[in-house]
Amino acid sequence: MQFKQVVLTGMVMLSTSTLAFAGPSGGTISGKVTYEGTPAKMKPIDMSKEPSCAKMYSTPPLAETVETGAGNTLAYVVVYVSAGAPDDAAPSAAAVFTQKGCRYIPHVLPFQVNQELKIQNEDQTSHNIHPLPKLNREWNKSQPPGSPAITEKYDKAEFIPVKCNIHPWMHGNFAVLKNSHYAVSNEAGAFSLANLPPGKYTITAWQESYGEQSQDVTISGSETKTITFVFKAKPY
Amino acid sequence: MSTASIINPHPASLPSSSADRASRSGIWLGLFTITMSFAAFTSALFVREGTSDWGHIVLPSVLYFNTFLLLCSSGTIEIARRSLVGGRVIDSPKSRKGTIWLLFTLVLALAFCLGQYMAWQQLRAQGFYLATNPNSSFFYVLTFMHVLHLLAGIAVLAYLTGRVLASHTTFRRSLFENTAIYWHFLGILWVYLFVLCRMKL
Amino acid sequence: MGKLFAVVLVIVALVSAYPIIANKYGMPEDISTHGHLIDDQLHETMWEAGLSFVGAQLVLAFFIWSFTNRKAGSPLKSFPGGAKVMVIAAVLLVGTEILALGVFGQKAWGSVYFTPPKADALQIQAQAGQFAYYFRYPGADGKFGGLHPDKIDEGNQNYFGLDPANEPEARDDIVSGELVVPVNKEIQLLMHAKDVGHSFYVRELRIQQDFVPGLDLAIHFTATKIGRYEIVCTQLCGLGHYNMKAYLNVKSPEDYEKWLKEQAAAL
Amino acid sequence: MQETSAQQAHVHAPPEGFIRKYVFSLDHKVIGKQYFALALVAVFVGMGLSWLMRIHLVWPNSRIPGLELLSKVGAPGGVMTPEYYLSLLTMHGTLMVFFVLTNAPFAALGNYFLPIQIGAEDMAFPRFNMMSFWTTFVAFVVLILAFFIPDGPPIAGWTSYAPLSAVGKDAGPGMQWGESLWGLSIAIFCIGSLLGSLNFIATTLDLRAKGMTLMRMPISTWAWFITSCISLLAFAVLLPACILLVLDRHAGTSFFIPAGLIISDRAQPHAGGSPLLWQHLFWFFGHPEVYIAILPAMGIVSHILINSMRKPLLSAKVIIYSMMSIGFLSYMVWGHHMFVSGMNPMSSLAFSFPTLTITIPATVMTLIWLGSLYGANIQINSASLFSLGFISMFVSGGVSGFFLAQPSIDIYLHGTYFVVGHFHLVMGVAALFGVFSGTYFWFPKMTGRMMNDSWGKLHFLITFIGAYCIFMPFHYLGLVGNVRRYSSFVNDFMGPDLMALHKFITISALVTGAAQFIFLFNLIHSRFKGAPASDNPWNATTLEWSMPSPPPWNNFGDRHPIVYHDPYQYGVRGLKGDFVMQDSPEQAITSGD
């Protein structure tokens, strides 16, 4: 499905960007996110209310709150260094959040505190972006087709659910993070945090409906450590 | 001369009677308006009573005492009115008596406000705040609106007392009478509200 | 100028009436069992209102034409009969009109609100929320799961706040963004508002009913024609109000059963 | 307190200094003008908003140059967002209903001419009068503030239905502070109107000149009097409603908000409230409000028609009684706004009957006006044209009300453009025609100069035709089922023919709106450059014409007018011509009155 590709390219871009920003090459933490148990079945989204979007799909797309891959892998899991790394300055490149076919691309968008966030609407209908932060300032803006991209910033780190008031099924997530060491697991559940200077890190994995898990990892030299996160899946 | 007429100074351009009549209709219209708005609150209460979360609150006991105070003030202002408006000259014994009763009324009024404040405190002490349940909401709203109107009355009373105490000034009889009417009305209104709260809340 | 105004008035009256008479902007075809009563009522009223509109405008125009800036000395006349005639005319004409319309209207109104739904009416729950409708079918067990607002999770397609984990009867509830109904079968729509006031309006069905938060209402109707019709919101409900709509999909009984099976399978 | 102010009024000397003369003036004439000016500002703002809305409707998502300056968030890049459309809609409705249709025909013209027409020197309580204007002014400022707060104006419509209006920011942009400003503004407005109405009634009852019996009062005065009785009741109910609304919004109470609402994925911390309660309270005010707007227009129009017909109405009494019965009935019909609101269907029928019954007095009045025209000698000028136009508009708007009064038809038409067309014609345009008529008629008295009649006629023609071009098609759209309050039409049934109709409406609106600048220019130009007016340019009979134009600060000077006749002694042989002034002792030689 085209969106999968877009998402994946998005991931790649992100990981490369993290590479690009790295100074001296350091260690790498890579691994896999999986689940055990039976996850909730993702139902097809009924977009009949918005024909301009519905007609973009041959078969109705599925909800993305629990995105699984072959071999019980979990996608859209944000893996990041929650402790052990200093806060980084925000990169100059903007994180881009796109509304296309009445869905959010990517479904989970990680970016840094005070990094520019660029939201664009590629649909023929008005969207309404309503992030629901707890720590940051809340805003709620509509974006008619043809109006310029919305740019915003967040100055506190948190995971922010994003919704479109006009299209109830549209839900996404912002992951506002303190440092540049983060990744989002892909279809295969794979992630990789590169260029970690030697030290002791707490690595945290966050999934929107399963919550957070953490592991401590110590990196010495330029070694590559492999870790796995296993989430408990609930059928309902 | 330290004598001052309390009766109407007969303004030049208009027959004073019509001005007095106007102010009299004015006060009655005002009372009608206030009645209507409290009727609106009441009907809101009746509608709200029908809904699921309608609870119950125990009215603070001080309210009974407050009611007594307000009714007394109605009496005192009546005495004051009779002796003052009747009298021709400020420093006649009759009007001096009236002045004292007027001061009495003021004291009672302030006491009532204080009492209402205590009532709110008692209710808060029980853990009933404005938003706790519809009953407490209505209690605070109704009593507060009533006190608000009472304060307006107190302002006029204070003004009148000032006028009377500082002798050789004149004020119009009808102002005094209208204030008395307004005051009695507030008393009746309070009794109504009290009974309403007693029955419904 | 007076005469010019009179002419303008005539033109305005006739031009205004034309699209109605020519039925240029007609109501959509009625697909309900009760709708014809409403339509008759509306046409009846249209005749009476239309006639009084055109009549009054023309009379006004005629009087303005003939009684403006008359030459000096032309005598003032007074309308024969004076005010009495007017009052009597008004009371009689309008009074009877009111009674007539009142009686007929009651019939049409009653056909919607005073006739209870049949025992075998098909129950469907409709939930209106900002800014979409969702419809719920009880599923195989014929029982609706309970509503738990705290369980609502739109990103995860749980629009009603069902609790399948703890309530088995919720597990087979079919939730759809389209109101799919079998043709010629009475439907009882159980109306529930998730957040603010909304409304359920299907022009072809001649049905309009508000969703009232905290007050679950029920309406019933029978669709008599297979097809897909728009359901729109007519109660201002927020920024997406203009885009709050869904479809009423009237299917043949067979297709309806087929659709139900597909939905059940997708669960 | 009113007493002292009354006292002030009667002994007040000619006001000294700018502030006392023009700003905090106690003079009912100045206050009337202030109301008029406020309404004028409000009406042009409101009209501008309607232009923006119409343009956005027919050219959706097009860039409207300059709109971004009004609100960056509301119109990114000049493209109007759905919520900003609703903001404009709300502000348009609120401005027009409260600050134009309540202020202009009632507060403005009433303030100026009611005391004069009954031969009083001033209002009964000039201080209250001044307060009521400045209260209204504050209400206006508070409302307009909503444009300038980051949150933007509210989006709940002028009816502010709960719970949308009561839950706060989760309900959408503008609902955090904008809606609170709305509630505050309306509450303040209520206080102003209550003071004003109280003043009107007391003045009419007690300050009438010698010989001015109630039945000798001009119809306009009667209209203002009845209107003030209505609004004294209506606003006394709206005020508590607004207080409860504000409490729900900021004090966490639950008068209008039920339990278990999830808005923007957030559970609302309220329980048990009743949304219908707000609708009942609001419409108990809301429907009489319609008559607060239209009744003064009826009175003004009758007053002016009689003068331009040069003969009395078939019966002034019948008109007055009709207005009374309308005022009375207006309190039994509010439920006809709630036929499909989930109210008990039985009560819908109960509300429908008195609603239909209102047609009777309305028809009576129309027939009286029409019948009186027969055999008259109508003097055509801007004033009389607008009065005649009023009749036409009143009929057109009235007949469409006949549909909406019936619950069964309302099932289909409720919430469509049919309703929009109906109330704009009967409440908006008709009432404004009354105001225009009154302005052209009384301007000479207010300023001592005539307004330009040719411009007035041009203004009338464009406005009359334009109003029909705008509001008639609304009815057709409604019959197709075109829903109102949509910021753009995404519905399948909006075919090219309907959009063409919408385009036509928009263009008509732009043209008609532009024509109003003719009026504005005429108003300002004539104020300074207009031809000087005599004391009685229209050969009219009522008291306002027996005083200099413009009147002195104390109206009748030291003279106390004495009234000898019914107000409308036209078509008689008097000393000055075919009329006899109300305060002239001469006996009219008349062929029956």
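Couple of notes before you dig in:
Letters A, B, C and D name the chains as they come in the text, with residue numbers starting at 1 for each one.
Everything that follows uses one rule, which is that contacts are C-beta pairs under 8 Å (C-beta built on N, C-alpha and C of every residue); 3 or more make two chains touch, one makes a residue touch a chain.
All values reported here derive from a predicted model rather than from experimental measurement.
Chains touching both chain A and chain C: D.
Farthest from chain C in terms of Cα centroid separation is B. Across all inter-chain contacts, the pair with the most C-beta pairs is C-D. The distance from the centre of chain A to the centre of chain D, with each centre set as the mean of the Cα atoms, comes to 55 Å.
Here the spacing of chain B and chain C, counted between their Cα centres, is 51 Å. Note: centroid distance chain C to chain D, computed from Cα atoms, is 29 Å. For the pair chain B and chain D, the distance between C-alpha centroids works out to 35 Å.
Shared interface positions of chain B, defined as residues touching 2 or more other chains, are 51.
Across the assembly, chain A contributes residues 125-126, 128, 142, 161, 163, 165-166 that each touch 2 or more other chains. Contact of a single residue of chain D with at least two other chains is seen at positions 81-83, 172-173, 258-259, 264-265, 272-274, 276, 488, 490. According to the touch criterion at the top of this document, the contacting chain pairs are A-C, A-D, B-D, C-D.
Those residues of chain D that touch chain C in the shared complex are 81-83, 85-86, 155-157, 159, 161, 163-164, 167, 171-173, 257-265, 267, 272-276, 309-311, 314-315, 318, 340-342, 345, 348-349, 352-353, 356-357, 359-360, 363-364, 366-368, 370-380, 385, 388, 391-392, 395-396, 399-400, 402-403, 406-409, 411-412, 414-416, 457, 461, 464-465, 468, 472, 476-477, 479-481, 483-493, 497-498, 501, 571. Every residue of chain A that touches chain D in the complex is listed here, in rising order: 125-126, 128, 130, 132, 138, 140-148, 150, 161, 163, 165-166. Taken together, the chain C residues at the contact with chain D in this complex read 1-2, 4-5, 8-9, 12, 16, 19-20, 24-28, 37-38, 41-42, 45-46, 48-50, 52-53, 56-57, 59-60, 63-64, 67-70, 74-79, 82-83, 85-87, 89-91, 93-95, 97-98, 101-102, 105-106, 108-109, 112-114, 129-130, 149-150, 152, 154, 161, 194-197, 199, 201, 203, 206-210, 212-215, 217, 230, 232-243, 245.
Contact residues of chain C toward chain A in the complex are 129-133, 153-157, 159, 163-165, 176-178, 238-240, 243-247, 266-267.
Contact residues on chain B toward chain D in their complex (touch as defined above): 9, 11-14, 18-19, 21-23, 25-27, 29-30, 32-34, 36-41, 43-44, 47-48, 50-54, 130-131, 134, 137, 141, 145, 156, 159, 171-172, 174-175, 178.
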